[in-house]
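Which chain is which? They are A, B, C and D, in the order written, and residues in each are numbered from 1.
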Amino acid sequence: MIKAGIIGATGYAGAELVRILARHPEVEIKWLGSRSYIGQTYASVYQNMFQAIEGPCLDDNIAELASQADVIFTATPQGFLASALKEEYLQEAKFIDLSADYRLKDVQVYEQWYHISHQSPQFLEEAVYGLCELNREDIKKARLVANPGCYTTCSILTAYPLVKEGLIDTSTLIIDAKSGVSGAGRGAKTANLFCEVNENIKAYGIAAHRHTPEIEEQLGYAAGHKVTINFTPHLVPMNRGILATAYASLAKKPDGSLPGGPEVRAAYQKYYGEETFIRILEPEVFPETKWVEGSNYVDINFKIDERTGRIIMVGALDNLVKGAAGQAVQNMNLLFGFAETQGLEQVPLFP
Amino acid sequence: MIKAGIIGATGYAGAELVRILARHPEVEIKWLGSRSYIGQTYASVYQNMFQAIEGPCLDDNIAELASQADVIFTATPQGFLASALKEEYLQEAKFIDLSADYRLKDVQVYEQWYHISHQSPQFLEEAVYGLCELNREDIKKARLVANPGCYTTCSILTAYPLVKEGLIDTSTLIIDAKSGVSGAGRGAKTANLFCEVNENIKAYGIAAHRHTPEIEEQLGYAAGHKVTINFTPHLVPMNRGILATAYASLAKKPDGSLPGGPEVRAAYQKYYGEETFIRILEPEVFPETKWVEGSNYVDINFKIDERTGRIIMVGALDNLVKGAAGQAVQNMNLLFGFAETQGLEQVPLFP
Amino acid sequence: MIKAGIIGATGYAGAELVRILARHPEVEIKWLGSRSYIGQTYASVYQNMFQAIEGPCLDDNIAELASQADVIFTATPQGFLASALKEEYLQEAKFIDLSADYRLKDVQVYEQWYHISHQSPQFLEEAVYGLCELNREDIKKARLVANPGCYTTCSILTAYPLVKEGLIDTSTLIIDAKSGVSGAGRGAKTANLFCEVNENIKAYGIAAHRHTPEIEEQLGYAAGHKVTINFTPHLVPMNRGILATAYASLAKKPDGSLPGGPEVRAAYQKYYGEETFIRILEPEVFPETKWVEGSNYVDINFKIDERTGRIIMVGALDNLVKGAAGQAVQNMNLLFGFAETQGLEQVPLFP
Amino acid sequence: MIKAGIIGATGYAGAELVRILARHPEVEIKWLGSRSYIGQTYASVYQNMFQAIEGPCLDDNIAELASQADVIFTATPQGFLASALKEEYLQEAKFIDLSADYRLKDVQVYEQWYHISHQSPQFLEEAVYGLCELNREDIKKARLVANPGCYTTCSILTAYPLVKEGLIDTSTLIIDAKSGVSGAGRGAKTANLFCEVNENIKAYGIAAHRHTPEIEEQLGYAAGHKVTINFTPHLVPMNRGILATAYASLAKKPDGSLPGGPEVRAAYQKYYGEETFIRILEPEVFPETKWVEGSNYVDINFKIDERTGRIIMVGALDNLVKGAAGQAVQNMNLLFGFAETQGLEQVPLFP
């Protein structure tokens, strides 16, 4: 039984973390940090947890929390943990940061896309990018895990085996992603009101979304060279879910031919065949976000278009689970030697 | 470890049962019956369960199933089990029927509201109405459990303590209920198409809905006299959830005064204070269906209007969980001596 | 061609007014008042009106506006017009107020339900309650029209003929109403975020909603005596629409019998048979909000439950059209002698 | 005043046509053809039109209809009009076909993508592709107009000026499109039930959707050479609306530089600057489907990504209006010399 603290427990990702940890057999929640609701009972902020979670919201006292907890999750705005983290805290507790602060190795890239000055670049080297299926062994040994973004988890996992195996031309990679509204957080903004979002779809952050460099960095490691992509997110009138539709030209083989379906499928099997949380769907069955809702699964499939020589890859996940809190718990399981799936066995809710 | 079979496993209630049983530590699913999909893998019908549920859909062979299973769930159309059930099956397996076939003790009332001739009225006497919080001890000893309807579970539980304690005038009871669309099932009907239901609300079955006599019968037992009510269901553009708003005049006490809030609250506490799955919310906090989604909870609260001398009671549940499959599993837990909450600990999903 | 000004043009009701007036052949919009967006083009706030509406948002200068406009619409918070209105403005322009400031004749009732001190009670006597179908002749002669609330329009019109004709016992009248989210306005509140409202239904303002005394006052005029009701609003995950489900015991006739369907239908026909915007649906066809969306129609029907002696009345309208802006334009048409339906002929949008 | 007949009047596109024509000052609807509902009143099938449209649904008698009507709209399944059309009908009435039967000039391409044998290829040459903004003059003289598909109208108009001006490399063109559910029609299919679609997004018809060759043919005319693209449609949980997000590499100019924003904007202005129904949004304002709902507008904008040398174009329309019935009426206006915008002035509904 380990002790966990959460800073930023009243955002949607924080609340999902509370919901998952509330039923995790190895975890006791010690600290529900929420600057906005200090002193109110947590269940009064999230009535779904009434009688399931006791206790009030606390402040952000990381020093105190580090001395009490074995693991600290920060589901906080960009820049928060970068400003607050100290070596001494890392010696007391493991950190899993759901913000972007330690995801990008290059501090200049961070500062350019986030327009924030990074206050603790000395931890960037040490931080492990917490995409469990790709970095499992490094995560096990980490003190500081940078939990990936929701769009990025979906985009990277969808394309990774093909990039790694050189089956696609990464210079042609375009990712058109669609997200439910919970990704926008619980802040009271006009743009996220029901009437503004419902019965509506729009693109946003075109050619400028902050998850772009994160996808590029990780796929770059897989490719062995710099990768530059187009990434376009869209807002869809639903609570949860991310669907990534990715396009790329197949890479010609030395004999001038293109890889075929079996070869592509084999690549996915090679990297994901043993993975519990990645489901390669059967041929001609394509991911739908509803099929993963409430679960830690990522569903993936692809189609080759022989007319154009392109492959269309499709991936889906629940942005609050595998795209945030579920993956954070998966990282925690790795850090503490629990079964990797513990607390995450939820079958997707349908309908 | 018991063996369970499900007839009607590909309707929404059947699928929810599969989803819950898939993670129940004491149950092995032996039989996924679905006349429409015989031979197809179950996961191809409900892709959310891909890699979580193996095996094909089977036919409706109850004789064979009864010989293999310890418990049989029937999530089938009205009249199916009434036509198929035999004494010998009941000697082999316990039955939990999610249809209305054994809910009403009076066969004439059944035939009048359902327009079906009942084929096995001899089991009506024996069948136990499976509203766990009210009939717990009888359920434990039953062979045949009539699992309550979704509207009825919500309506009865919301009003029961006040009827039982004589705090309201049952002749004034009006229940205005609102349901998500999954209650209408997975049949392909124009009226349930996305575009017909979305951005729309309507009443239906006004003064004629089949759950009316079921509510009346159960509240009649509580009252000790015949109860006749108005019940009006509405269709709401959401997948899951039932909200019941119930109105009744408070019953005058011998001194002419009306019961007050503390007295009403005490009545709810008296009957539900120890119940895990019934949450009496704090004063001025009223149920919302989203707060119970995916869980077996029923949330209840009330408000007294002194201007009119009426009480307004509000209850909410997830129609597929506490309103169908969850309650069926709760009944199974009672039948087999498992912890009543086993497999049902899911914290509601929000958002 | 008359000149119209709108104060509060960037709320949802104000924007609907702009949308309707933009196509009204007798109106020129002279003033788009919006304190929050002064100087921005109106179309940048409501991109749906790009190239359909020119010009910037202006401030709230009523004195200036009154000197320029023939009619002034105020779609403003409660208390705004009560604080700003002066006799001299009324001599220059007609006022149609979409707030509650002049709806209730009794200033004490206003202050009790709205918790605002009324700043110009001297105009209450003169103000005409702008429910066109009931007060048509008075509206034609008015200077100041109090445009009814959305819930109230629906509730009053649904019950009015039966109250007027004495067919129901008003002491038993209960109105359970359901509204789309646009009724909550465009203010950025957490409770109205997409993720909080979507897949959710809740009651609110139970026994305390401000539209209650407005319904009671108007039905009281019809009844010829004081009427006290229960009114419970609910929030439904859809943009537009109000559905009112009303319950009442039928009033016994001198011979002890209850009114039957034909008698009730005749009452509706008597009052609404000639009305363009009120559609009494055919027997057994009940209103759905989608059938009136975007139009100025109110759909109404009823069902008698002989088991309980009650009648269930159902009404539906679009809260932004007949429940706000459409009725305001209908009032304007009456004030200026235009055809009453002008600018309001829109057929409902479906789906 | 012309006389119009509609075959297929009870599908969603047919009903939208009825809705628009009901308020068109130059049109009398003579024939509401619907094989499924013969003899029922039209308003009983679409209650939104109660009291707005009189008369029953009639059969498909084109011979009779052609003798009575000036214009015949066919909102019918693929292959219907191809089987039924005769020269003599074309001599009596103008035809506007909302199906795909006469959209593709090459009968082999039609048969390959639609898997139907074309029964009247002799009319293919004569048929005019009814994309009003591109073929206005030819439409005016036509007897048979092939009304474009919803995805195609949006996709073609979004890319056309850049293809025509040679600003993009058409071999890199990828269109990722998102549609509301009304595009799937009113047929009772499980896949289109509320609970299957709601809270869900999916891609479908990947590399195989029938609108692909239609887009390719029309853009090919603009390019002056064969164009082959990737087109991927997605189903979004909303009633109406199509959003097309299109990607292409900018074409290098002789000096090796790429076209810039002003040059691209000038191209859009050149072709659409005078068009009423195409709105080029202001820089950095991107189309949202809600902003065009219920209207005949197409909203378009673009962004250049200098990192990748690509342009991202975004277009939005209402699939039932500009994507079907609205454009059909626009074609009718052209055919009969009415003002092109007549009956189509509706300002988009928001929210």
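Points to keep in mind about this one:
In this text, contacts are C-beta pairs under 8 Å (C-beta built on N, C-alpha and C of every residue); 3 or more make two chains touch, one makes a residue touch a chain.
Note that the structure is predicted; figures quoted are calculated from it, not measured.
The minimum number of touch steps separating chain B from chain D is 1.
Ranked by distance of CA centroids from chain D, the top chain is B.
Of the two chain pairs considered here, A-D and C-D, the higher C-beta contact count falls to A-D.
The mean-CA centres of chain C and chain D are about 37 angstrom from one another, to the nearest whole unit. For the pair chain A and chain D, the distance between mean C-alpha positions equals 38 Å.
Touching of two or more other chains is recorded for residues 12, 182, 195-196, 198-199, 237-240, 288, 290, 293, 351 of chain A.
Partner chain C is touched in their complex by these residues of chain B: 172, 174, 176, 178, 180, 195-196, 198-204, 206-207, 228-230, 232, 234, 236-241, 243, 245, 247, 286-290, 293, 303-305, 307-308, 310, 312, 314, 351. Contacts from chain B toward chain A in the complex involve residues 12, 15, 19, 22-23, 44, 46-52, 182, 199, 239-240, 279, 281-282, 285, 288, 290-295, 299, 345-351.
Interface residues of chain A facing chain C in the complex, by the touch rule stated above, are 12, 181-182, 186-190, 192-199, 237-239.
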